[in-house]
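Each structure below is given as structure tokens.
Both complexes shown next keep chain A, but they swap its partner, so chain B is in the first and chain C is in the second.
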Partner chain A sequence: MLDMTVQSIITGLMMGVIYALITLGISIVFGVLNVVNFAHGDFVMFSMYLSYMIGTALVWDAVQTPLITIPVLFIFGFIVYYLIIDRTLRQMYVVQLAVTVGLQIFMRSMALIIWKAQPRALQYSIIQGNIQIGPYTILTSRLVAAIISLIFIAGIAWFLNKSWAGSAMRAASDDLDMASLVGVNYRRTYALTFAIGSALTAVAGGLLMSFQQTDPVGGIRFGFLSWCVLALAGLGSIPGLIISGMIVGVAETVTITFFDPRSRLLVIYGIFILVLWFKPRGLFGRK
Partner chain B sequence: MLLKISNLNAGYGKVPVLHECTLEVNEHETVTVIGPNGAGKSTLLKTITGLVKAMSGQIVFQDEEIATLSTDQIIRKGIAFVPEGGRPFPNMTVLDNLRMGAFTKRENLKNGVIDELFALFPVLKKRSNQYARTLSGGERQMLAIARGLISRPKLLMLDEPSLGLAPKLVDEIYEKIRMLKESGLTVLLIEQNTSYALELADRGYVLENGHIIMTGACAELSSSDHIRKAYLGI
Partner chain C sequence: MKQILSTKYLPFISIFSLIALIPLVISKDQYAMVLVTTVLLYAVLASAWNIIGGMAGQLDLGAGAYIGLGAFTTGTLLTRWNITPWIGMFIGGFVSVSFAILIGLPLFRFKIKELWYALTSSALVEVLRIVFLMWDEVGGPTEKYLPGGGDNALYSLRFSTYIPYFYIILIFLVIVIYLNHRIRNSKLGFSLLALGEDEDAAEVLGVDARGNKLKALMIYSFIVGTVGGLYACLYGFLHPSFFSTEISTEVVILGIVGGMGITYGPFLAAIFLVSFREYLRAALGGELAGLYLAVYAVVLIVVALFQPRGIAPLFRRLFEKVIRSLGGREHESSAKASS
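Let's look at the complex of A and B:
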């Protein structure tokens, strides 16, 4: 019993870091553009399919596929920004909502058309086996995924704090007019932010494909997970984001281990609602 | 002439706030625009910087029409604008705020400009790693002015730098502005604190209900009956 608990916590912590990576994308977009991208989870689903295609075609390992999917999703993010998001910025909130929900439905339909309703998974993986620590098993593929996620999260944190483009993003998030008044081109900054948010789903998609399958409706789950982690974390704290991802990851694996795996979204929804009731700014948020 | 505004109409939505405003700022000159609450003073500066779009009229900076440019392009021409309250970026440190001020002139971070500004505003050096949201009103205003100066602008525009500050701090801020003026900087100063503004500036404009109703050297304005009664309360 205790062993099972510890085991599921270990697994949950590793999943949580990937959830934090997924959420980082939706979080910077929300923080900078003030737009909630309801299609974010479907970006993850789409990236997973792309990784599947590339992995199959080139006989690559899933964790290698982001080498191609990152630039693809980055460019895709730019295109989505200029074609859709840019035009809704001065509109009512409900227009932004409709547009990203529409994008979600569009991506899901495209996935259904291209890949049919079949779930897909990659066979080949160079990352095999597991690490045994006493009675506990750590799947190497998940550990690698968690470590790569952490590296990307740290990279984004560095970029936000140290680069000019990242500082422009922080400034635009703080006070958009004032950012323009120091010479920031806000549209370029917004487009870059959205493209980075999109590229992060490419990383997550590749990592997830190293141990999961993908299906066209799977995006809902990732979207939902990321809202929940974002609600927990609030805006502005990257350590807070990682801890929140871990909380959600652990809640999920504990539910799967001790209750019904089908109730895992329910538990996440429960956390989401509790946070909105008691801590509407999240546990770590400043806004 | 550095800045020339002619027959400017501007406002929010379809309703104009500024009507046929004409105004000039020469190089090395300090010009003030005074007027009551809601006259359109802030709107004037927002229109110059493109935050509010001009409906008609010209805004010429260094012989170049800027009314159609975007805000970041206008700033790159060499204008710095310190809005009401200063508005430093709250979740950035003092140092990061100053760095953002150099966004268009990154070489100035290495040219010792920051040290000059720390000499002018010693309190900023003490607070350099503190988040701007934790600063007092006076410190915020000084940070905002320093952030504007770090790009070495040709024109510094200040919107009510004395707003909400204790009298002693107002004196301090005005002392700094005077030093900047004496160093040759061109300043466009918006104020409700008429006596301070008229004492500091070379020339002034009086804006009421979106119309420029009077202009002249500050000494002349100070002695006009209208200004004395309506603004200086003498």
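Let's look at the complex of A and C:
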């Protein structure tokens, strides 16, 4: 019993870091543009399919595929920003949200048309196998995925704090008018933010593909997970994001171990509602 | 009575009288009957959405949840306790309202972004689907067929043709559109429109954001829940797939494409888009089942970007042009009534 609990917590912690990576994309876009991309989960689904296609076509390992998918998703993010998001910034909030809902439906139904409803998975991964520590098993694939996620999260944190473009993003997030006055081109900053948010899903997609399968409606789950992590973390704290991701990941794996696997979304929804009810700014929110 | 018969409501009455005559023309054609009934059904849902989405500016993505709750309440009352859907669907409406309050109460507080309501309502659909999938006594993964039909068709609301459903849904539509019109011109409507435009400003001027939005949400979820009961009877079975994300997003698309806050906008959008969807479905068959949603999504994005007030104003301009070219003074009265 105790062993099972500890085991599921270990797995959950590692999954949580990947969820934090997915959420980081939503979080910076929401923080800077004040627009939430409803389609974010479907971006993850889309990049998982891309990883699958590259993995089968080039006989690459899933963890290598981000080398191609990151630039693809980065450019895709740019295109989506200039084609759609940029035009909605001055419109009513409902319209802004509705446009990303439209994007979500579009991506999901296109995935259904292109890849049909069967789940797809890559055949093998070089990071399969597990590490045994006493009675506990650590799946190497999850561990590697968690470590790579942490590296990317740290990289983004460094970028936001140290680089000029990152400072511009934070400035635009704090006070757009003031940032514009001191020479921040807000459209370019917004586009860059959106593209980075999109590129992060490519990393997550490649990592997830190393031990999971993908299907066209999988985007719902990832979207949902990342909103929950976002609600829990609030905006503006990257360590908070990782901790929240871990809370959600542990909640999920514990549910899968001790209850019905189907009920994992219910637990996440429960956390989501409770957080919005009692701590609407999240546990670590800055604003 | 005198007021209702006045010129103000004349276009309204004449349009719905014309619609009521449709089954007389096409009652032989089963496919056409299904089509017009579906159009009316979606028109009811989208018009109800107009109250919360169009006027109050809350992107509600939970229509599927309320339909499912209404359907399962009505169907279970009928199969377990033999309670007629005529009563059951209104109980279903109340069940939907209670769920709506559950998420509306925490999320309509001041200074909580609209975004969280949109996310919560869209997740509610998925969560309830899973709950009913796991709850074997009521839902479960297999279809549960409703009893009835035959002799007690009227009691169990299970008719063998679409014609009775058509008229029931038409009555719903008349009520919902009339309600839309009344709310639009009431204090509640003005408060909602103000909140939809700028919540901070409205709140400063003393408009109670939470109370007004909750009222709108309750009206909306009650209507959709009640329609959900009808939906179960129309299909004759219960299944967790009634908690459908597709329906929820379609309702939103119709509401936005039609024109937010415009009384007859969603109905107009339903006529065009739902017919178009059924045409695509018939023309392409099951092979490209998802294509209509992709087309819907493109329509939504294009309308939201280039015509954010919806297609209704375009039609109004066209209508006025036609009237003007015909000359005469009907122009004034019709323009007033159609707003």
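Operating definition for what follows: the second predicted complex is superposed on the first by the 287 of 287 C-alpha atoms of A that agree within 3 Å, B and C clash if a C-alpha of one lies under 4 Å from a C-alpha of the other, contacts with A are read in each partner's own complex, and residues count from 1 in each chain.
Following the convention adopted for this analysis, a contact is a pair of C-beta atoms (placed from the backbone, for glycine too) under 8 Å apart; a residue touches a chain by one contact, two chains touch by 3 or more.
Keep in mind that this is a model prediction, so the values were computed, not measured.
Bringing the complexes onto one copy of chain A puts chain B beside chain C with no clash.
Legend: residue contacts after superposition of the two complexes on their common chain; A:137 is shown touching neither chain B nor chain C. Contacts of A:101 after superposition on the shared chain: chain C is touched, whereas chain B is not.
In the superposition on chain A, A:185 makes contact with chain B only, not with chain C.
When the shared chain is aligned, chain C comes close enough to touch A:272, but chain B does not.
Counted by residues of chain A touched, the larger count belongs to C, out of chain B and chain C. Here the vertex is the CA centre of chain A, and the angle it makes with the centres of chain B and chain C is 90 degrees, a multiple of 10. Think of it this way: put the two complexes on top of each other by chain A, and the tightest Cα contact between chain B and chain C is 15 Å. Chain A has no residue lying at the interface with chain B in one structure and with chain C in the other.
Residues 53, 57-59, 61, 103, 106-107, 109, 111-112, 114-116, 118-120, 122-124, 126-127, 130-131, 133-134, 196-197, 245, 249, 252-253, 256, 260, 288-291, 293-294, 296-298, 300-301, 304-305, 308 of chain C are the ones touching chain A in the complex. Chain A makes touch with chain B in their complex at residues 164, 167-168, 170-171, 173-175, 177-186, 236, 286. If you check the complex, the residues on chain B that touch chain A are 49-51, 70-72, 75-76, 81, 83, 87, 89-92, 96, 99-101, 103-104, 106, 147, 151.
Put simply, chain A touches chain C in their complex at residues 36, 38, 84, 87-88, 91-95, 97-99, 101-106, 108-110, 112-113, 220, 224, 227, 231, 260, 262-263, 265-266, 269, 272-273, 276-277, 280.
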